[in-house]
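A, B and C label the chains in the order they appear, each numbered from 1.
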Amino acid sequence: MGLSLAELAQRIGARLRGDGVRPIERLAALHEAGPGEVSFLANGRYRRFLKDTRAAAVILSTRDADACPTACLVVEDPYLGYARAATALNPEPSQPRGVHAAAWVSDEARVDETAWIGPQAVVDARAVIGARAFVGPGCAVGEAAIVGEDCRLIANVTLCHGVTLGRRVLIHPGAVIGADGFGLANDGGVWVKIPQLGGVRVGDDVEVGANTTIDRGALEDTVIEQGVKLDNQVQVGHGSHIGAHTAVAGAAGIAGSVMIGRRCAIGGGVGINGHVRLADDVHVTGRSVVYQSVTEAGVYSSGMPLQENRKWRRNLPRLRQLDEMMRRITALEDKLE
Amino acid sequence: MGLSLAELAQRIGARLRGDGVRPIERLAALHEAGPGEVSFLANGRYRRFLKDTRAAAVILSTRDADACPTACLVVEDPYLGYARAATALNPEPSQPRGVHAAAWVSDEARVDETAWIGPQAVVDARAVIGARAFVGPGCAVGEAAIVGEDCRLIANVTLCHGVTLGRRVLIHPGAVIGADGFGLANDGGVWVKIPQLGGVRVGDDVEVGANTTIDRGALEDTVIEQGVKLDNQVQVGHGSHIGAHTAVAGAAGIAGSVMIGRRCAIGGGVGINGHVRLADDVHVTGRSVVYQSVTEAGVYSSGMPLQENRKWRRNLPRLRQLDEMMRRITALEDKLE
Amino acid sequence: MGLSLAELAQRIGARLRGDGVRPIERLAALHEAGPGEVSFLANGRYRRFLKDTRAAAVILSTRDADACPTACLVVEDPYLGYARAATALNPEPSQPRGVHAAAWVSDEARVDETAWIGPQAVVDARAVIGARAFVGPGCAVGEAAIVGEDCRLIANVTLCHGVTLGRRVLIHPGAVIGADGFGLANDGGVWVKIPQLGGVRVGDDVEVGANTTIDRGALEDTVIEQGVKLDNQVQVGHGSHIGAHTAVAGAAGIAGSVMIGRRCAIGGGVGINGHVRLADDVHVTGRSVVYQSVTEAGVYSSGMPLQENRKWRRNLPRLRQLDEMMRRITALEDKLE
């Protein structure tokens, strides 16, 4: 879908420099864009491509406007401008409505007439599918699960019984919401399963990545507040609570009963121990491990640097001697005084 | 399903203090429970809620009985008591039997007449589905796979060809059992696939979490012994063997040919190297990495503490200098003597 | 399928010592093999089993040939010989062709008449399925996705719209190729989704493990070059590029815009930061974290050794004091001079 440059400027809230009549069809990277394409400069490492770009226009900030050889769309945050332009130029395709002949929907389910249930999907008894919701191929919506308006379950998603999704929730393939939490009591060396009686409540505008899992609570619900974004292969344990507008990158593992604040950013592969609390606005960098609660906003890290294997093998045993090293340093200091 | 307090006491093996006639409908947390609800005190951090609880009764140990303002169910292990009470109050719903019209079952498969094959499920040739087994929506049971009595495959589970499950195995959505192990030989820079000829044998009373993967063996079977509990997104490599009643928490990665003993506890996100052996009763805490075998029972750990990013950046280069630091400490000690 | 020993020798390019007429039916481990079975000696730790083996023949290298009590197949690389023998003795079963009655294929899709679409599978509009391709039960092939000749999608695989697979690509159950990358811009504390407009291109002879996820690019394609092998539960972020014949072990997490060279080996559970580049022939050992680019071939590592929990707890706080320790060592050295 094309727009004139002037229309695009208006849609993304940019100040236009140049010929607003130009037609814009697509987005492209700065060094690859050509006529009919708009690009953006959001990251300093690409600045060197600006002077030779052949893009029809570039989304950028005031500081780069003068150096731009072509039309430009000046905004405060070019990355956000890019996001908006990509959305304006790529509207969601209109979606089908109705129940596909190869789907199975329980007579006791309630499917809005504007929703779509795709081939090989299942909607179980007492489930509710809201207006304009999209349930893609192979999805299984469990008993009494609730899918809000404008939700999109792309394909092969599993919602277990009683899970509730707000509006505009986007769930990528293979995600599983509402499987039993890992609750076990030990009876003389044998594990006894603890029935997982809570549910999962997912707020509006949440995105859940491919093959991500969110367990149901043991007694109370697991809660994902509005605007939370979970990447692929994230694990959220039972009874955890993720505050609004927090983002969690791929393969992060959040144990049970974890309380994460609002607007946190959890890096890829981070591990968070059970019962830990993170304050609002805590940023944990990739692959860190969080053993204890973090009570103040800020950026936190753990993890070791990569080394040549040969050197790492020499340093490795020393990690078992750190306390000894510190004691020997202190003894030396005492001796010298 | 409700019980009288006296019936509940009997079902969980508790000593009752108080009025046994009270009806109990549900479980709830200590600070949230009300009439008709039973709660429990298993973790010291919740003791402060005991004196004001409005629960109809509380499951607790002798030491807390006198402080309880309401009826109580005295047991040795309140967490186990809670597990049993949750089970008593929430019996498994009676399940359907038969083959759903939207399932596909091979003529050459053998499905017990008391089993259930759900919509969009597939049961391939020569597969065997035991009595009262539940094969949920979208599950694929491969050729000659065997599903024992009372197994439950919740939804979208894949059992590859020839996998065998014992009795009462519970498999959560998206789990994949019996995919090819990662077996490759190198032929002048190009990988040659090694056919994975073994299978997977899963014992009685095993639980497998959502999106967990257990690979088939290269030559011999991968074995999961009875009573093992695997959380979500666990990976078990080809030819590994997990001893009875071991529990593995979420996102742990177990490479190939690993031998894990009985009653081990593997924390969330733990990584275990190929060919490693763990003795019985080894407990590895969350996110540790196991490079080498552990021959004695005990609790083992690795991992770095979380730090403010600013401080971590200062400490990070030192991790490459540990061996140097130790040598300099030793040199100082030599000089001082 | 059986072969004579002489035929097998020829098929794997081995020099035969012994009676070539012997029939060989199967492969087995050195200490378990019996008549009709061939074994191999590729790893020194199994050498002790050689002298008592009852295998009909053993695949081994020159150095072990004289110690072999039975016939042998002498090769340069016995592990590669084993791979070839396993392939020769276990040819792929002949596969069905056609569209299963319980599959759903769009009228606008193009399915080669020698391909197979299994029960409960979905092939969406404008998808193309090549000659002899196998689309197993429950797979969802999205709009305009292209599946090359001789590809095998085992079961419950999701290919999102527009993904393209080369020839002989093998995809294990639960894998998701082409889900949206994790692209978000921040608008005053609220995340704005960036449409993911790129695709995924997968080369010939790639293998993708169970529940592995490969995201589509934001603007450009995510690329997996020919001969790449990905184990289970690997995550590949948007816009990343993996060079030919690289192998990535289970649960490794590769962020977005990562460039990995050719013939690299990435160990299990490794994490690679966004925008990192790895040169050709880089080997990263299991569970390492790669924060920065690696420009030279070689073996690299990070990670801490496992310790008894009691000792680890003493060493843990010292990891926050490494920089201080180094400064105190230097101060002591200054004092002593």
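As a working rule, a contact is a pair of C-beta atoms (placed from the backbone, for glycine too) under 8 Å apart; a residue touches a chain by one contact, two chains touch by 3 or more.
Remember, it's a predicted structure, so these values are computed and weren't measured experimentally.
Among the remaining chains, those touching chain A as well as chain B are C. Homomeric contact chain A/chain C: same residue numbering on both sides for under half of the interface positions. Our note on geometry: chain A versus chain C, Cα centroid distance of 25 Å, whole angstroms.
Residue positions of chain C with contacts to 2 or more other chains are 120, 138, 156, 174, 211, 233, 251, 303-305, 307, 319, 321-322, 325, 329, 332, 336. The residues of chain C lying in touch with chain B in their complex are 27-29, 32, 77, 79-80, 82-84, 86-87, 90, 100-102, 118-120, 136-138, 154-156, 170, 172-174, 207, 209-211, 227, 229, 231-233, 245, 247, 249-251, 263, 268-269, 286-287, 303-310, 312-313, 316-317, 319-323, 325-326, 329, 332-333, 336.
In the complex of the two chains, the chain A residues touching chain B come out as 104, 120-122, 124, 138, 140, 142, 156, 158, 160, 174, 176, 179-180, 182-187, 189-195, 197, 211, 213, 215, 219-220, 233, 235, 237, 251, 253, 255, 271, 273, 283-285, 288-292, 294, 298-305, 307, 311, 314-315, 318-319, 321-322, 325, 328-329, 332, 335-336.
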